[in-house]
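First comes the structure, then the notes that go with it.
Lettered A, B, C and D in written order, each chain numbered from 1.
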C-alpha cells in the first residue's frame, strides 16, 4: 500500500523559534479568513489562516468583534446595577458570571447567604452547564457534518430553557443570582417537570452516542486530530474538560469546593488521548454527570428556608477597599472574577477570567498550524470557546 | 501559604500580604524582583499556572497596579503578586517566555491601558479595538459616556434617569423617613 | 438626557493605511515586477444603482410574493442575539417551514439579521456583507441595542442606532427577543415585502453619500473601497 | 442525419416533455427528501413547493454581477451536463415518447456527461476568484474523479456481461423477472457502482466539497440570482438523471412513470439514509475510502464476469 500522507518536504519548515517564515508573494500560500461570517466558527470571531495546499501553515486569531467594554461599563455602575450586564459577558452560560460576581461582592461586603440559596445556586449552575454542554455536543457534531445530532441537542436545550423560564422568568439572561441569595424559591412541581426533561435528554443522548462515538467516520475524523501535549497544559493555561481529556483530573468543584459541591457525589471523568475525540468524550460523560447532579441536588436540597439574605440599602451601599478572586468550574474550565473595590459605591475594577481567553488565543494559534483546513472547525469547537468572554 | 511567604521573605522584598481567604493571598512585590519570584514560584514551589494578568488604574496615586495571579493546582493555592508601575510612561516586563499565554494578556493591557511590554510577541498589533485613536479605554480618565455621546447619535425620545435619584423615587419613596 | 460632555476632548487622528493595502511593487512568481494598488485592483468601483420595480404590477406582485416566501438569511451572528437564531433552525421553532433558510455566503442571502449590538469592528464587516448581497435586500435589527443602544448606551465601542448606517426594514425589541418574537418579526417582514414597501436597497443607493458619511464617522480606519459590490 | 438513422423531429418535442416531467419530479422529490431529513431531526421541514418559490425568487432578484464569460458559462455547463445526461438515456423503457435520443453507444456518453457538469463548474467557479471556490473545485474534482472510478469499473463489467454499450439493450436484457436485474445477476458490479453513487450525491459522508462548516460553501460561493437559479435547476435535475442511469443499468429500468417515480425515489433514499446518520469525511479520507472499497470490488466485478 502506498502512503497517503503528504510529502512534507515541500512544505515550509519552521525556523528555530518554531515560527514558519511565509512569503505571501511567492504565490505558494493562500490567506484564508475563517470568519467572522462563517458557519463553522464558534460565535463572532475569526481565524486568519495561511494555507499551503490543504495544510494550515499559520493561524492568527482575531477577536474584538463582540467587544462592548464591559469592564469599563461596570466601573460606571453601582454594585447592584452591574447585575444586568454581568450575565451578558458569556451568552450560552450566563449564570456563572452572576454567581462569581455575587460571591465576590458577598465576600468583600461580608454578606451571609442562606443555605437554601446556595442549593438553588448550585442547581442553576448545573442547569447552565447542561445547556452549555448541549451546545458543545451539537457544535462538534455540526462541525463534522452530523447535523441531526445538533438538532436533537438544541431541542433538548430548549426543554431545559423552559425550566429556566419557569424558575427565573427568562430564557437566556436570567439575572436570578443576586448578592445575598437568589430571587425566588423553586416553583411548585418543579422536580417532576425537571425529571421529564432529564429523561428526554438521556434518551436523545443515547441516540447521539450511537451516531457519534460508535461511528467509524466520526472516529476517523477525530481520533489523533488536534492533539494537545499534556506538558503544554500549564504553560498555556488549559483547564476544565480540555485538560481532563489529557488525563489531568482537576476540577475546581472537587479541589476547592464552593457552594454545596462538598455535599454532592460526583466523579471527575478523564481520558488519556487528549485529541478531539477524547475531549468530546469527556464532555459527554460530564453531561451525564451533570444530569445525575441535578437529580441529586433536587433530592438533597432543603425544602424551605429563606432564599435572600439581608442586603444593605443599595443606595448607600459602599464596600471598603479590597480585592478578591472568585473561581468556579464552568463547562469550559476555570472561570473567575477578579474584583477590586476602593471604598466607594462603584467597583474599581472587575476582570473576568474566561477559560476561552487562553484556549482560543494562544492555544488555538499553537494547535492550528499543521492541521488540515477541514479540521479547523472541528478543532475550534472541540476547544469549546465562547468569544464574548474573550473580549467582553 | 504563610510558610511559603516566610521562606521567600529573606531573599525578596514583599509588602504586607493580605490573606483574603485560606487559599488566596495578595502581596506587593518590587518590579525588579518580579521575574525572579515568578520563575522560582513556577519552577520550585509548583505555582505552574498563570490564572490571570491584569491591571488596575489607581489614578489618584498616579499608579498602575499589575496583578499577576498564579495558581498551584496541586495544593490549591492562589497567590496574586501586585506590581506598582508609574502611570506616566508605564512599562512592564514581559513574561511571555514563562507562560506563552501571557502574551495575549500583555497585548490586551497594551491596548486597553497603554502599558507597554517591550519584547512581547505581537504586542503592538491591534487586539480588540480597530482604528482606535483616543486614550486607552480602560484608563480612568477616559470618559466612555462622553465619547459615546460625541460619536454615536441617540435616537430622540430616549429617557435616561440618574440611577440614584430614580431608584430613590421608585424603590424607596419614603426614604429617608418623612421625605414623602 | 444630559447634554454632551464638552470637557472630554475626543481625539480624531488619522489612522495610517495598513501595509498590505498600500500601493507597492511586487515580484510575481515568474520574476516579473508589477505595481499593485490593492484598494483599486481587487475591488470593483461601481456605485450602487437604484433598481426600478418590474414594469407590470402583476409581475412585481408575484415577485414580491416569491421574495417574501423565500427569505434567505445570512448566517452571520453579529451579537448575542445569535444564540436565539439557533433554536429557530431546530425542532421547537423550525423557521424552515416558512421558507426561511440560512445561507453561509452573502451573495446568496436576502436578509441580513443584525443579531444584537454592533461593535464598530463588526459594523465594518456587516456593511461589507450587506453591500455584497444582491438586491432587493432587507435588514432586520434584533434587540434594543440596535434601536437606541439599549443597555450599552454609554459604551464606547457599540453603535446606538442601526438605521444611521444601514437601511433597516424592521426592528424587534427585547433583550434578547424570544424566538417567538423573531418568528413574528419574520411574518411582519413578509407583509412589508408583499406590500412592496421593503425597498431598503434603493433607499441605500439614493442616500448613499449620507450613509457613507455616517459610516466613516465611526469607522476610523476605512481601508476598503466605498462600495464593495 | 446519418448518424441517427431513425431520427424524427417529433422526438425533440418528446424529449422536452421528458425533461419537463423530470424537472418537476425532481423539484418535488428533493423537497420531500429534505422534509424527510428534517423529520429525522424532529423538525417539520420545508413545504414541498419551496423549491419553486426559491427558483422564482432567485430569478426575481434585481442585481447581478459577473466575473467574466466563464463565470457566466459555469452554471450553463453544469445544467448542460444534467440535461445531456437525461436526454441521451432512455428514461422510460419501451415508450416511444420517453426514449429520448438514446443510441448504440450511449453508455459511454452518459459516463462522460456525469463528469461534464463538474468540469464546467470548475472553470466557472474558478473564474470568480474566490478562494473558497478554488479550494472547493480542487476538492470536488479530486473526489468526483475517485468516486467515478468504481462506477466506470462497474459499467465495464456490465458491458462485458451484456456484450453491448447500448443502455436500451441492457434494460431489455433485464426485463421479465425481478431476478433478471443486474443487482442479482452481477451483484459485485452493482455494489461497486453504488459506492460511486453514494459518493457523488453530495451527501454525508462525502459532502465536504459544499460543506458550510468548512469551506463555505465550496464552488458556488459567488453564484447568486439567475446563475444560482440555473444551478438550482441542475441540482434537482442532475441527481434524478444520474439515478435514472443506475436504475436502467442495475435495477431493471422503468416501463411506466409510476415505476420510474418509485424506483428513483428508493434509490435516492439510499444516499439520504446514509447521509443523515454519518459525519463527513475529509477529502483525502474519502479518496482513501473509494480506493480501499470501491476499486477492489470494481476490479473483482470485471474479473468475475
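Quick note on the criterion: a residue touches a chain if its C-beta (ideal position, glycine included) is under 8 Å from a C-beta of that chain, and two chains touch if they have at least 3 such contacts.
Note that the structure is a prediction, hence the values are computed from the model and not measured.
J.: Which neighbours does chain B have in common with chain D?
T.: Touching chain B as well as chain D, we find A, C.
J.: Taking each chain's centre as the average of its Cα atoms, which is closest to the average over all protein Cα atoms shown?
T.: Per-chain C-alpha centroids ranked by distance to the global centroid put A first.
J.: Quick check: how many Å separate the C-alpha centres of chain B and chain C?
T.: 36
J.: How many Å are there between the centre of chain A and the centre of chain D, using C-alpha atoms for each centre?
T.: 43
J.: Between chain A and chain C, what is the separation of their C-alpha centroids in Å?
T.: Here the centre of chain C sits 29 Å away from the centre of chain A.
J.: Among all residues of chain A, which ones touch two or more of the remaining chains?
T.: 38-39, 64, 67, 69, 72-73, 76, 150-151, 155
J.: Going through chain B residue by residue, note those that touch at least 2 other chains and give them in order.
T.: 128-130, 137, 142, 144-145
J.: On chain C, where are the residues touching two or more other chains?
T.: In chain C, the residues touching two or more other chains are 75, 90-91, 104, 121, 154-158.
J.: Of all possible chain pairs, which ones touch?
T.: Result for touching pairs of chains: A-B, A-C, A-D, B-C, C-D.
J.: Considering only the defined contacts, which chain D positions touch chain A in the complex?
T.: 37, 40-43, 131-132, 135, 204-205, 207-208, 211-216, 276-285, 287-288
J.: In their shared complex, at which residues does chain A touch chain B?
T.: Touch list, chain A to chain B: 63-64, 67, 69, 71-73, 75-78, 81, 107, 234-237, 239, 250, 255-256, 313-315, 322-325, 327, 334, 336, 338, 340, 348-349, 351, 353, 357-358, 361-363, 366, 391.
J.: List the residues on chain B that touch chain C in their complex, please.
T.: 128-135, 137, 142-155, 158-160
J.: Enumerate the contact residues on chain A facing chain C in the complex.
T.: 25-28, 36-39, 43-44, 64-69, 72-73, 76, 84-85, 88, 91-92, 150-151, 154-155, 157-158, 171-173, 388
J.: Using the touch rule from the top, collect the residues of chain C that touch chain D in their complex.
T.: Going through chain C, the ones touching chain D are 44, 49, 51, 62-63, 66-67, 69-70, 75, 90-91, 94, 96-97, 99, 101, 103-105, 107-108, 110, 134-136, 229.
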